[in-house]
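Mind having a look at this structure? Questions to follow.
Each chain carries a letter (A, B, C, D, E and F) given by its place in the written order, and its residues are counted from 1.
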Amino acid sequence: MVNTATMEWITPAVQALLALALEEDLGRGDVTSETIFEHDETVREGRIQAKAELTLAGTALVEAVFARVDPRVLVRVLKADGQRLRPKDVAIELEGPVRSLLAGERTALNFLQRLSGVATQTRSFVDAIAGTKATIVDTRKTLPGWRHLDKRAVVAGGGRNHRVDLGSGILIKDNHVAAAGGVRIAVERAQTRAPHGLRVEVEVTTLAELDEALAARAEIILLDNMSPAQVKDAVARIAGRARVEISGGVTLDTVRAYAEAGADLISVGALTHSAPAVDLSLEL
Amino acid sequence: MVNTATMEWITPAVQALLALALEEDLGRGDVTSETIFEHDETVREGRIQAKAELTLAGTALVEAVFARVDPRVLVRVLKADGQRLRPKDVAIELEGPVRSLLAGERTALNFLQRLSGVATQTRSFVDAIAGTKATIVDTRKTLPGWRHLDKRAVVAGGGRNHRVDLGSGILIKDNHVAAAGGVRIAVERAQTRAPHGLRVEVEVTTLAELDEALAARAEIILLDNMSPAQVKDAVARIAGRARVEISGGVTLDTVRAYAEAGADLISVGALTHSAPAVDLSLEL
Amino acid sequence: MVNTATMEWITPAVQALLALALEEDLGRGDVTSETIFEHDETVREGRIQAKAELTLAGTALVEAVFARVDPRVLVRVLKADGQRLRPKDVAIELEGPVRSLLAGERTALNFLQRLSGVATQTRSFVDAIAGTKATIVDTRKTLPGWRHLDKRAVVAGGGRNHRVDLGSGILIKDNHVAAAGGVRIAVERAQTRAPHGLRVEVEVTTLAELDEALAARAEIILLDNMSPAQVKDAVARIAGRARVEISGGVTLDTVRAYAEAGADLISVGALTHSAPAVDLSLEL
Amino acid sequence: MVNTATMEWITPAVQALLALALEEDLGRGDVTSETIFEHDETVREGRIQAKAELTLAGTALVEAVFARVDPRVLVRVLKADGQRLRPKDVAIELEGPVRSLLAGERTALNFLQRLSGVATQTRSFVDAIAGTKATIVDTRKTLPGWRHLDKRAVVAGGGRNHRVDLGSGILIKDNHVAAAGGVRIAVERAQTRAPHGLRVEVEVTTLAELDEALAARAEIILLDNMSPAQVKDAVARIAGRARVEISGGVTLDTVRAYAEAGADLISVGALTHSAPAVDLSLEL
Amino acid sequence: MVNTATMEWITPAVQALLALALEEDLGRGDVTSETIFEHDETVREGRIQAKAELTLAGTALVEAVFARVDPRVLVRVLKADGQRLRPKDVAIELEGPVRSLLAGERTALNFLQRLSGVATQTRSFVDAIAGTKATIVDTRKTLPGWRHLDKRAVVAGGGRNHRVDLGSGILIKDNHVAAAGGVRIAVERAQTRAPHGLRVEVEVTTLAELDEALAARAEIILLDNMSPAQVKDAVARIAGRARVEISGGVTLDTVRAYAEAGADLISVGALTHSAPAVDLSLEL
Amino acid sequence: MVNTATMEWITPAVQALLALALEEDLGRGDVTSETIFEHDETVREGRIQAKAELTLAGTALVEAVFARVDPRVLVRVLKADGQRLRPKDVAIELEGPVRSLLAGERTALNFLQRLSGVATQTRSFVDAIAGTKATIVDTRKTLPGWRHLDKRAVVAGGGRNHRVDLGSGILIKDNHVAAAGGVRIAVERAQTRAPHGLRVEVEVTTLAELDEALAARAEIILLDNMSPAQVKDAVARIAGRARVEISGGVTLDTVRAYAEAGADLISVGALTHSAPAVDLSLEL
């Protein structure tokens, strides 16, 4: 039941989120089931299946939900995170007391539909730039409390993770630049003082700032809210001296143009802040 | 700083979610700010403003985030939850140490953009049925860990809340009916055994089941996945003997037809499971 | 070891209470046992048995205590919650390391004696109204931290649960009426605005208020601190238009008179706020 | 607002219990107040007053409850823990938003009624032995999760505390004696190995065991389930070589006889396991 | 896997510390292993072995760490707490997925090296006084959050525990004496009011205070910062009427002199506040 | 009272550690003070002062301890973290109820003595390499539960932080190399797959491996357990193509030789795993 996928998804913080999630739905019991069912030990089978095309993510959460609701429920994961499902594909089979299946159903599906939604959204961006050298990365625009899960779902969808939190990456934004007094001084300070294992990334908005950044040996340049044409020019000027990240309002319609303009990394907040849930249901 | 809005939004469970949210982003500090800023006490002002039309929700979370990040940050809420904002409208003014503003910015916005997204989505459904007697209600398809917040955002958007959890409402679904042996027996059991303060709601899929439900004195009838025409027929048959709830794949395009067909309540999972974030930003 | 009873009793909040309970007794170890016993692995058997007549409740807590103290302890539950025990009846058999039995003994018994006390108290009220149509229900006068457990124990004793918390039922009391400006307006507001799955209950103190309540379609009328004769009159006036709940100083001596006066529900705070512990002991 | 009483009562573990208590009642909000009240900021005054004779305990919990529910509520404690109240005596005055008063009322009273119940029960035992040299002490038969609070309430009622937990006192009971192979060896081991700051107490059931205990230099002798006459004989034999504790089924009717038989300490489980709540109410 | 050692070490508070420890190292995953390893299920064996002479303590923590990181990891404890190890002695064998071994390695070793460091330091003090009647005891100068673990490690090293916390022992220090108005009154108050299971210990700094303490029947006398010669005089004056504890700057060089001067107990803060980690490593 | 230092030190995880620390010492109250002091409100002043030369760190913890013990205690921090103190220098002045000062004293000092111990140890290493280009950095060999605090103390002592956890840095060690099949393939995988903001560091043990690492564009080379002479050779071969980190048994005697051999970074586990507490005391 424990496997490496579980370990990677279910951190202590995720356990805390699971506790909140089950408390908020089940903390006062399930009055309907308690009222309706005479015999509480009836065992049933159930199948979680896709009702639309989607990329699966978060199966470990279904395991974790039922492990908390009722360890007697058997959870057989048939499809791996990252797999593409078509309508009627069965992702997970369940077997256990009917009251336990009903008790955990909604929370398990809520996790799975959200995380598969993120993976599916990510997959569509990744597919849109297939064949280019660019990589789709996420942002810190994740759901509060869900950082770790959202980032795993992005990976399941074929994307890559930007920095996990404010402590694990140097990203000097316009506000930092303004407060520090310029791109050059900000980058130099970071190169001198930041933890040695972190590369220095800086956001630039003009060619002059870009030159400052390169002169101060920034290792990654973030071009925010530029057009593909502007990106192309900037990439040419950078000439391999730094990696190039693009951000700001990238959509499925525009993402390929940015990739073809030479970006190494394209960060997309919508992967996590606006992914619609995908349709998955539990059939008993 | 404490007000009734705060009390209503910031329950102990929400405090726990806040703790997770700040830990996941700030638990290892903010290496960029620590690296860049010489003087750590510089005070700045900031404004959270709309960049699109939206209905605001979750301002208490912005207060709560900064109360945890740095109580010295002043948070002035200029617009109330539920208000409609237009681009450039300022919702909240902030004043405090620049490092603290930057430290709390992303988490505060992540909360506000999500919750205003739910409110905005809800508002569009509510507006679509204006003038009918129907009410838009939410479901249990909320984000795990966010039940309370999502439901408050629905109210801010003009919607109403369905049951909060499995312990606070009787809703007999098809699975319960099948396991109990019929609509009639399921409703009768609920009328006899359920907590006396709860009305009995039952899902029916045929007219025969509808008749059973009414005979057993169900107080609310849930019509799932019916067309507006079918709803109209069912409403006529019910003839005021029970309230009528509609659910299942209701969209902005179809919601008015359901309302006009005579539904009292229309529940929409997408209010919470697929609300895109709205665009709000912090300008320093 | 896991069964449906366990699931129903041991919610996450109860797990938190268990953690507090064991920490407060065992958090610093057991200096006596550590000092006295040479060989710490000696296995013993023990029996938890009644020393007086009682109705059992809370056996799942005994399982949960020993699962935390030492999972090697086998707990065999011989009597179900709700069963009546006579002196010397054995409720539970235990087998495990003697130090572990002694370590968990007091906490397990403290849970079981309290919860069986509540069940026994409830049973005596339920028995007192046997043959009437009335139902004994609990109140929110439970031990702080014990809401869920106390309410389960009431059910084990044959009672029924009133609303679980302030979020799962509408009960308009005299203070609400006064602040709202009258029974009628308060009930009307509730009928319009409250979650649709909740019935509206209102406390009335005069016949005039009773008439207002009925006119506003209150579904449950709470008659507080009335004599049985007054209740009888009120029931006649209500004439089946609403359910009738009685509360206020009901004792074992008076409860049957209230039931015979026509009450549907009799709520008794003493079920949970003043239930004496029953006598159960662990014999090794 | 913070005072020494608060510090003594509100430990971190009590904070955790408070969190559970408020979550279980208020975690889903207060649907009645939200539905009824138009204006949510109306300020009211309230008084918590006795409705029967009682000894007060736990006022710090009322402060702590409202500090969590709404810090705007002013709590003025007029009577100190340990004071005797007569009907209509006002213990505490409150002032704050009516919705907040109603939200915290039940939890605050549940704490206060329980703890004052323990104090009142203790006070009656203490009064019953007035003039003797004996002391009333509690046991570990406290409510799980309430150890600290129950023990404080005993002190408020004029009693004294036995050991707080299994880690803070040596009490060798019959089971220990049996497993160790005799009173003498058990006491000797304790004298050699136990933490040096702890006195050694041992339970004896025969005069032979009593002699063994004294020979091994037990500092406290526990006489369990003996009659007052037997106690008198044992006390004479001990002749000041050890303190004498009595336990086992001591009631208000018999306690004085035990005290007059020469006991130093009389431990009474019922102080905490069977104290009925006392009647206190909040009048707005 | 569960055994009595586990129970004694892994209290609920230690579980909370373990949660913090794993969150702080693994909460964001292990980017290196995730990046490097293609196949994530490769099983490896590992051995935790001594690289210097040491006394082992804390093996239960290694079990507890891997039980949380990955329950598939087998942990075979070959040496018991308290055993002396020589370089290359293998204390523990591990077997499990290589990624899990690497994930738990550092936290497990950090616990084991610290706790064995405390045991080793304690062992050296205990050995230094071999043959005398004195006992080495610890203090409350433990690492915050580590009280229970540090005290267990002292026992593993052959020492004994002083009071566990401020609630489980009476120790009247100079500040208490000054505030109370003298040794005599302070000791008398303690003898009258303190829990009866606790002996009264008092710190004295002069012979006059010593006489007061004895007159008031102090059971343990703490001699702080005296020379061995002064201790010898005091011991003679006490003449068996109380136990004698020595504290204050005792080192490995001076400890034997204090023991030979007649101390019963020698408390050493350095056992826990300044124990260097011992060298243990995990070889895969 | 809140300042930037507080924000940087007292993360949510540190709050959890503080809760454990106070619970373990004060959770059962302070029986000595409660027994001795008649008047519990006496206010006293106290001074925390150095009793030896030391570098101060962790003053925010003293504030945080007393904020939890009793918010009435005023804490005036006179010396900043990182300052060098001489014997009798006063670091912090306190003023508050004497019982509260005594209650928090030990926990506050235990934090301060440990953290100042780490800072003092770090300072001695930093001073030893003054004038070279090398930097002293810490490791993950911190006390479990203390990662954040230990790392802050290193900074206070003039050192710099290595990666905070397994999620915020790529460090390919010998075990990774072995499992991956060589330095080259391991580094290449990391350059391709790791988060783009992280530099790639690899441990090498031979010149052949060093060449592989450079060929694969490793950005930091870790030379483990080499002599200063070997380091010098390696640095020459690297020729500025990567930063050079030294680790393994570096002591105060050898550290300068390593710095002069050309290391950029010298990591020292003893900064945190074996720092003796420094002597600081509270004088009332």
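Quick note on the criterion: a residue touches a chain if its C-beta (ideal position, glycine included) is under 8 Å from a C-beta of that chain, and two chains touch if they have at least 3 such contacts.
Model, not experiment: these values are computed from the prediction.
Considering the contact criterion stated above, the chains in touch with subunit A and with subunit D alike are B, C, E, F. In this assembly, B is the chain whose CA centroid lies farthest from the centroid of subunit E.
Computed from the mean C-alpha positions, the centre of subunit C lies at a distance of 44 Å from the centre of subunit E. Chain centres here are Cα means. That of subunit B falls 52 Å from that of subunit E.
Chain geometry summary: the mean Cα position of subunit B and that of subunit C are 32 Å apart.
Annotation for subunit E: residues 13, 23, 26-29, 103, 148, 164-165, 167-171, 193, 195, 198 touch two or more other chains. Contact residues on subunit E toward subunit A in their complex (touch as defined above): 19, 22-23, 26-29, 34, 40-41, 69-72, 97, 99-100, 103.
Residues of subunit C that touch subunit B in their complex: 135, 137, 160-164, 167-171, 193, 195-199, 201, 220, 243, 245, 264-265.
Contacts from subunit A toward subunit E in the complex involve residues 2, 4, 7-8, 11-13, 148, 164-165, 168. Touching subunit D in their complex are the following residues of subunit C: 13, 16-18, 20-21, 23-33, 35-38, 42, 98, 102-103, 106-107, 109-111, 113-114, 117, 140-148, 165-173, 175-176, 178-180, 186, 189-190, 193-195, 198, 269-270, 273-274, 276-277, 284.
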